[in-house]
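Take a look at these structures.
One chain, chain A, links the two complexes that follow: it is found with chain B in the first and with chain C in the second.
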Partner chain A sequence: MSEALQVFHFKGNLNADRVHEIEESFAGALADNQNFIVAEMSEVDFISSPVLGELMGCKRRLTERGGNLYLVGLNTENRNKLRLMGAEKIFEFLPTIRSAVLKYRWENEDKGDEITVTIPPALNFVPEMRSLFSGVALQKGYSKRDAFRIETIIDELCNNAVEHGARTPPQPVQVVCRIFRFHLEFSIINRNAATGGDGVAEIQKRISGGAPFDLNERRGRGIELVKMLCAEFSVSSENDKTIVKVIKKKEV
Partner chain B sequence: MVDFPGDIDYIPLVRKFFANLINAHDFSRRFAFRTEIIIDELCNNTIKFGKPRIGESIKLSCDIQNDQIVLDIFSPRSMGVDIIKLKKAVEEKSGQKVAYESELERGIHIIKILCDDIQVFDKDDICIRVIKKREQGEEFVSLS
Partner chain C sequence: MGNQINISFKDVDGKPNAKVVEFIGDLDATNVESVLEKIVSLMDNGVVNIVADFEKLRYVNSTGLGILLHFSKLAKEKGGCFKIANVNEHVYEIIEIIGANTLLDIYEGLDEAVLSL
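And then the complex of A and B:
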């Protein structure tokens, strides 16, 4: 649990006569400079409109101070009623306190989430891999255009990793994705002792523009495509591993 | 193998990833759908009862073989998994009358209905292994 978050547990019927009590709780938190509040509602049976109004007022005061109010654990009935009143446009309904902590960390600490996928070196795994990562981007608020571009980058780099990776014995391809609010970092790792430092240096030269690209060449188009779609692109080797790193910024 | 944060928001993406992979490997749509339910239960239970700390991740691997799939879900020992309770829920025989008092027992029961074998390993990490065999007499239909 983060210290920056203050949790209030509400119980029973939140009728109009409880507005004052709720108002005082929130006022106390604001006076203590707590700008992020979690209202835990799993034991609440009913939310009256004056109480909803008080929650909205609190949310506005917190937002003005750069904070937020998260509604957590609403039962289906209360959630539906609040939706009918249009409250979902103002509040985010989160299932658990843990979700609120993760939401807070995502929005304020920007430490990012890491997802690692390891697949066998086979091309039929690549389509699902690219769908997974574009789904992750969409889930985290990136646009459809960003998601599509991410899909293209992953497709290109994973196909290359499978194609150029060691075959005997087959070596897995690993994709490490670190997603932040405004950018994503991908590392695509394969193993192939044969590629070696010279091969990697040649690719890096091409990425940095040191070797001109001829449109009539069959090879190397993927590098140009990925360069167009991302902010940073590099390749390195470490023992028998080839590591391709890409940074894609969120388009706003 | 997918290694993802202990956050329920990632579960739909992860279960869809494996279901599509399984379907792409000539398992039926029904088989893929049932596997998706198993994965959903395993992941939700790991997050709910394992209580991963913020930043801790969950590992899920799927070995797709010709006649079966083997799912392994790993929870770090640092998570608060109640291994005794978990083993008891897993070892309960399917015909046995069980009260299913807790969500954990209900979740494990659903997995037992849908799979052929379930085991718990308690080594470096805590691992739940689920084996689901290819169902006979079902035509392969692509999800896409």
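And then the complex of A and C:
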């Protein structure tokens, strides 16, 4: 649990005569300079309009101070009622306190989330990889266009790794993704083929523009695409591994 | 595992050497070979004027773009043409970024592309 978050557990019927009690709880937290509050509602049977109004007021006061109020654990009935009252436009309904903590961290600490996936060196595993990472980007608030671009980046880099990696014995391809609020970092790691050093030098040349790009040539289109879609693109060879790193910035 | 693409052929009225080819799904490295085989076979059988309908083509990668350029070149060599219609905005962006829009004959709508044959 993050110390920056204060959790209030509410129970029973939150009818109009409890507004004052709730108002005082929130006022105390605000006076203590608590800017992030979790209202845990899993044991709440009923939420009256005046209480919803108080929650909205608290959310507004916190937002003005750069903070937030997270509504957590609403039962289906309360969630539907709040939706009908338009509260979903103001609050994001979160299922658990943990999800509120993760959301707080995502929005305020920007340490990023890391996902690592390893696949066998076969082209038919690549579509699932690109689908996975574009889906993650969408879930994390990236636009559909960004998700499509991410799909393209992963596709091209994984295809390259599969096509040019060591084949005997077949070596897996690893994708490490660190996703942040405003950018993603990908590392695609595979074991070099026998000609790994030459391959890395060729890619480096293409990235730097040292090898002119010809659309009619079969090779180089994928690298050119990735180059155009990413803010940073590098390749290196460490021991017997090729490591391709890219940074894709979020569209604003 | 792997990715599905379906292609289907439709006749064009009054043009026996032309067909509309509808692409459905994702065109990528896992399926370019099968698409290549089908389109080349069509051209080898005298259908050298082709309109590719991309309305239901969700995705294309650099390998897919490669065969589209190949179809365009091959059709011209055979005295015909390879035109593309109904490209979605994401696919078009990829085509444009790589500069393939300068080499491919792209139309906004299918009717417009068919009429140009």
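We adopt the following convention: the second predicted complex is superposed on the first by the 246 of 252 C-alpha atoms of A that agree within 3 Å, B and C clash if a C-alpha of one lies under 4 Å from a C-alpha of the other, contacts with A are read in each partner's own complex, and residues count from 1 in each chain.
Just so it is clear, a residue touches a chain if its C-beta (ideal position, glycine included) is under 8 Å from a C-beta of that chain, and two chains touch if they have at least 3 such contacts.
This is a predicted model, so every value here is computed, not measured.
S.K.: For A:156, is the partner it touches chain B (first), chain C (second), both, or none of the two (neither)?
M.R.: After superposing on A, A:156 lies in contact with chain C but is clear of chain B.
S.K.: Where does A:128 make contact in the superposed view: on chain B (first), on chain C (second), on both, or on neither?
M.R.: A:128 sits against chain B and chain C alike.
S.K.: Once the shared chain is lined up, is A:114 touching chain B (first), chain C (second), both, or neither of them?
M.R.: first
S.K.: Applying the touch criterion given at the start, work out whether A:224 contacts chain B, chain C, both or neither, answering first, second, both or neither.
M.R.: The second partner, chain C, only.
S.K.: Figure out whether A:146 sits in contact with chain B (first) or chain C (second), or with both, or with neither.
M.R.: A:146: touches no partner chain.
S.K.: Considering only the touch criterion stated at the top, classify A:99 as touching first (chain B), second (chain C), both, or neither.
M.R.: After superposition on chain A, A:99 lies in contact with chain B alone.
S.K.: Which parts of chain A are in contact with chain B and also with chain C?
M.R.: On chain A, the overlap between the chain B and chain C contacts is residues 124-125, 127-128.
S.K.: Mind listing the chain B positions that touch chain A in their complex?
M.R.: These residues of chain B touch chain A: 1-5, 7-10, 13-14, 16-17, 20-21, 24-25, 54-55, 57.
S.K.: Using the touch definition from the top, list the residues of chain A that touch chain B in their complex.
M.R.: 2, 95-96, 98-99, 101-102, 105, 111, 113-118, 124-125, 127-129, 131-132, 135-136, 139
S.K.: Tell me, which parts of chain A touch chain C in their complex?
M.R.: Against chain C, chain A makes touches at 122-128, 144-145, 148-149, 151-152, 155-156, 159, 215-216, 218, 221-222, 224-225, 228-229.
S.K.: Quick one: in the complex, what on chain C touches chain A?
M.R.: 1-3, 26, 28-30, 59, 61-63, 65-66, 69, 89-90, 93-94, 97-100, 103
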